[in-house]
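Notes follow once the structure below has been shown.
Order as written gives the chain letters A, B, C, D, E and F; numbering starts at 1 within each chain.
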Amino acid sequence: MERIAVFPGSFDPFTIGHEAIVKRALPLFEKIIIAIGHNKEKKCYFPLDKRVKWIKKVFKDELRVEVAVFEGLTIDFCHKRGVKYILRGLRTSTDFEYERMIAQTNKFMAPDIESVFLLTTPELTAIHSTTIRDILKHGGDVSRFVPKEIDLDSI
Amino acid sequence: MERIAVFPGSFDPFTIGHEAIVKRALPLFEKIIIAIGHNKEKKCYFPLDKRVKWIKKVFKDELRVEVAVFEGLTIDFCHKRGVKYILRGLRTSTDFEYERMIAQTNKFMAPDIESVFLLTTPELTAIHSTTIRDILKHGGDVSRFVPKEIDLDSI
Amino acid sequence: MERIAVFPGSFDPFTIGHEAIVKRALPLFEKIIIAIGHNKEKKCYFPLDKRVKWIKKVFKDELRVEVAVFEGLTIDFCHKRGVKYILRGLRTSTDFEYERMIAQTNKFMAPDIESVFLLTTPELTAIHSTTIRDILKHGGDVSRFVPKEIDLDSI
Amino acid sequence: MERIAVFPGSFDPFTIGHEAIVKRALPLFEKIIIAIGHNKEKKCYFPLDKRVKWIKKVFKDELRVEVAVFEGLTIDFCHKRGVKYILRGLRTSTDFEYERMIAQTNKFMAPDIESVFLLTTPELTAIHSTTIRDILKHGGDVSRFVPKEIDLDSI
Amino acid sequence: MERIAVFPGSFDPFTIGHEAIVKRALPLFEKIIIAIGHNKEKKCYFPLDKRVKWIKKVFKDELRVEVAVFEGLTIDFCHKRGVKYILRGLRTSTDFEYERMIAQTNKFMAPDIESVFLLTTPELTAIHSTTIRDILKHGGDVSRFVPKEIDLDSI
Amino acid sequence: MERIAVFPGSFDPFTIGHEAIVKRALPLFEKIIIAIGHNKEKKCYFPLDKRVKWIKKVFKDELRVEVAVFEGLTIDFCHKRGVKYILRGLRTSTDFEYERMIAQTNKFMAPDIESVFLLTTPELTAIHSTTIRDILKHGGDVSRFVPKEIDLDSI
């Protein structure tokens, strides 16, 4: 059976932290679907089409990475695509408590799906999309926090 | 003196996690008041009257459980009702840090009131009202997370 | 049915933190048994008879507090004495993680016994028996950390 | 070179916890700038001019404390003022995780600026501006949580 | 390239928590080596040969699980066996902080090896080998915490 | 008044994490005393004279760093030397909880002494003397974790 993982998130924006998790997890899976959770009622900072385009650009040479958009629950998207693994990165113990709540809830609702975690490397631990948006709102430069293929000013 | 506890919350919705805490605490107290904190400015997912009705239904055979609605501070409600104990459940260390802040603030303001904690059992640790609302918003089924007496679809 | 709690520990030594938990919990229970876990293979700093004597002295005027010594598991001691509640204090989130592990293990093994937690008040949060022993070993004065009835030098 | 620290925050309102950090840090620095981060899009509970006035009143006899308002990133404000130190208080491990994320992000963007931390004393650990605003919204009395020079009712 | 994982530990004893992690991880890997770290200077509760025998018995029908003993660093054992993945279970945020320290140190020393984490399911979260040994020392029954194939009394 | 800090520890061995904290704190203080706590009853991995010599070598060109050995409580050493500041590094939230306990106990016993904290930079977060000793015991190479001036093999 094929080992495919869904890497879900809002990626608002996609950071070098996200990029590192996908790259490190690629040897473990045959394919990784970077799945942008879309919710019409939740306003994001960057438009959906930009986020899709940016991530595609980062992985344009990596045939085993697919970028997808989904609405609804992550586990429903996994079922629809026949995926058995959810990939997540862990940075801090605050992350851990949150991810554990989500993973255990998912496990109740979809016992056939396994959440697999990698730890972020230390130098990427402080990188959060939230922080990046905050810096942007205050006029700061965030280019060092996103993959070089992404030009946030192009928006 | 009567040992009465207030179990405060927004219960939006009341979960099997809440139900378990109340049932386990009942032998310790002569009466437990499940007190729904109501705040006109804070929008809840489920209407107040539904939440009251649902909890009453869960405990309809338990004469020592009362369901009440209050506005203002929990400690003021306790004083008004002559209650000396606040009952709370603890799930995770994130919960703990939050509950400690609340309990210590309450202790400063009302030294006569004691906060008493039970730990959730492991299989209920991941159940949060917030998660339940999230699953509902994404069209998922949450019936396993609420007491069987509660029919969320009846709304 | 009588509400009796066991407050287990090694109390090496008994601190003002322990004293405060017992005093605050007394209105909730009809009786509290301060139960010193004794383990022949584990070396304690203060001799067992001293620890018993000191705690008895602190509560000599409180008829509802009993001091006992037990070997083996806390839940076995509770069963032997017909006790349904274990009383514990929580100081920090490190405490919380440890106490949760113990309480959940106890719940597996003895579902009829409930662990009940009070939070230490802020000014007592830093008081650990371990720290007190460390200060003593380095020749420091710890009188402010133990109840005034306890004269550690009397050893 | 002069040792000046910026103590940034929204101070909505300034608490006895904030006051204690500034007073304890004063011997370490030649000057402390209490810097109120102002963001036109973020609605605060108390008006900016009140917050400025209140803090000035608290430190009216302390010549080495300045009260300032800034927009944008804290590190940009530090650079503009030639300041090398950011002063922060740490209450809990939840605080710690958040502060670490901010401090590490700042260190990436401005390696010349050092974040220096003091721990709040135990009796002030539970005091959060958020809690104070919550108590106020519910009609409670918060006078014990703010410096005596601040009369929140004067608003 | 073959995806093989090392699942290192002292397994003193092997618990149903360990068993669950291995079983859940098996679909992800082609082979899992349960590697018992042996250290002549560190005294274990159960003899090494018993621990090996017990784990082999649990997985006697699972050809893709191997049981091995190693001395020295886990990463050196991985290199010797040509293994690229270390498998670990995460129970609590205390676990997380410890595992992160180990995983980041391993990553510094062996950047080619990836640590992969699964979260324990809630009902297994409280199960620690340390607790099991403690219960045994106090004469308690731990049969519910170890796989049914393991008869600890056979020692 | 002179701003002098004591940086206490067992430094068994002194790591690049310790080195970074001292170097980053030097602009804040006029002098830093690296104080090796010596306890005859506690066995260390490296002999005391080696530890002293190694740290002196690291800071041989920094006149404002002194290396000292003390027995007893850190606060007593501070009082003897007329020092008002204890300098500590914080890596993780586990560290934080421990350091808070120590700092609050010190504050009770010596209100005139202030503990000042810097956060370790991300790439040094995983470096613990304990881990280093573990790696050494297993025959690993730890040269990257100690300052280049320290040759642990010279022992």
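Observations
In this text, a contact is a pair of C-beta atoms (placed from the backbone, for glycine too) under 8 Å apart; a residue touches a chain by one contact, two chains touch by 3 or more.
In this text the structure is predicted, and so the values were computed from the model without any measurement.
Chains making contact with chain A as well as with chain B: D, E. Using the average of C-alpha coordinates as each chain's centre, E ends up farthest from chain D. The copies chain C and chain F differ by a rotation of 120 degrees on their C-alpha atoms, rounded to the nearest 5.
Chain centres here are C-alpha means, and the one lying farthest from chain B is F. Rounded to a whole number, the gap between the C-alpha centres of chain A and chain C is 47 angstrom. In terms of their C-alpha centroids, the spacing between chain C and chain D amounts to 39 Å. If each chain is reduced to the centroid of its CA atoms, chain A and chain E end up 29 Å from each other.
Multi-chain contact residues of chain A (touching two or more other chains) are listed as 92-94, 97, 100, 104, 122, 125-126. Here, these are the chain pairs in contact: A-B, A-D, A-E, A-F, B-C, B-D, B-E, C-D, C-E, C-F, D-F, E-F. Per the touch definition, chain F reaches chain C in the complex via residues 39, 41, 71-73, 76, 93-94, 97-98, 100-102, 104-105, 108-109.
Considering their complex, residues 92-94, 125-128, 131, 135, 137-141, 144 of chain E touch chain C. In the complex of the two chains, the chain A residues touching chain E come out as 1, 3, 24, 27-28, 84-85, 90, 93, 96-97, 99-100, 103-104, 107, 114-119, 121-122. Within the complex formed with chain B, the residues of chain E that make contact are 92-93, 122-126.
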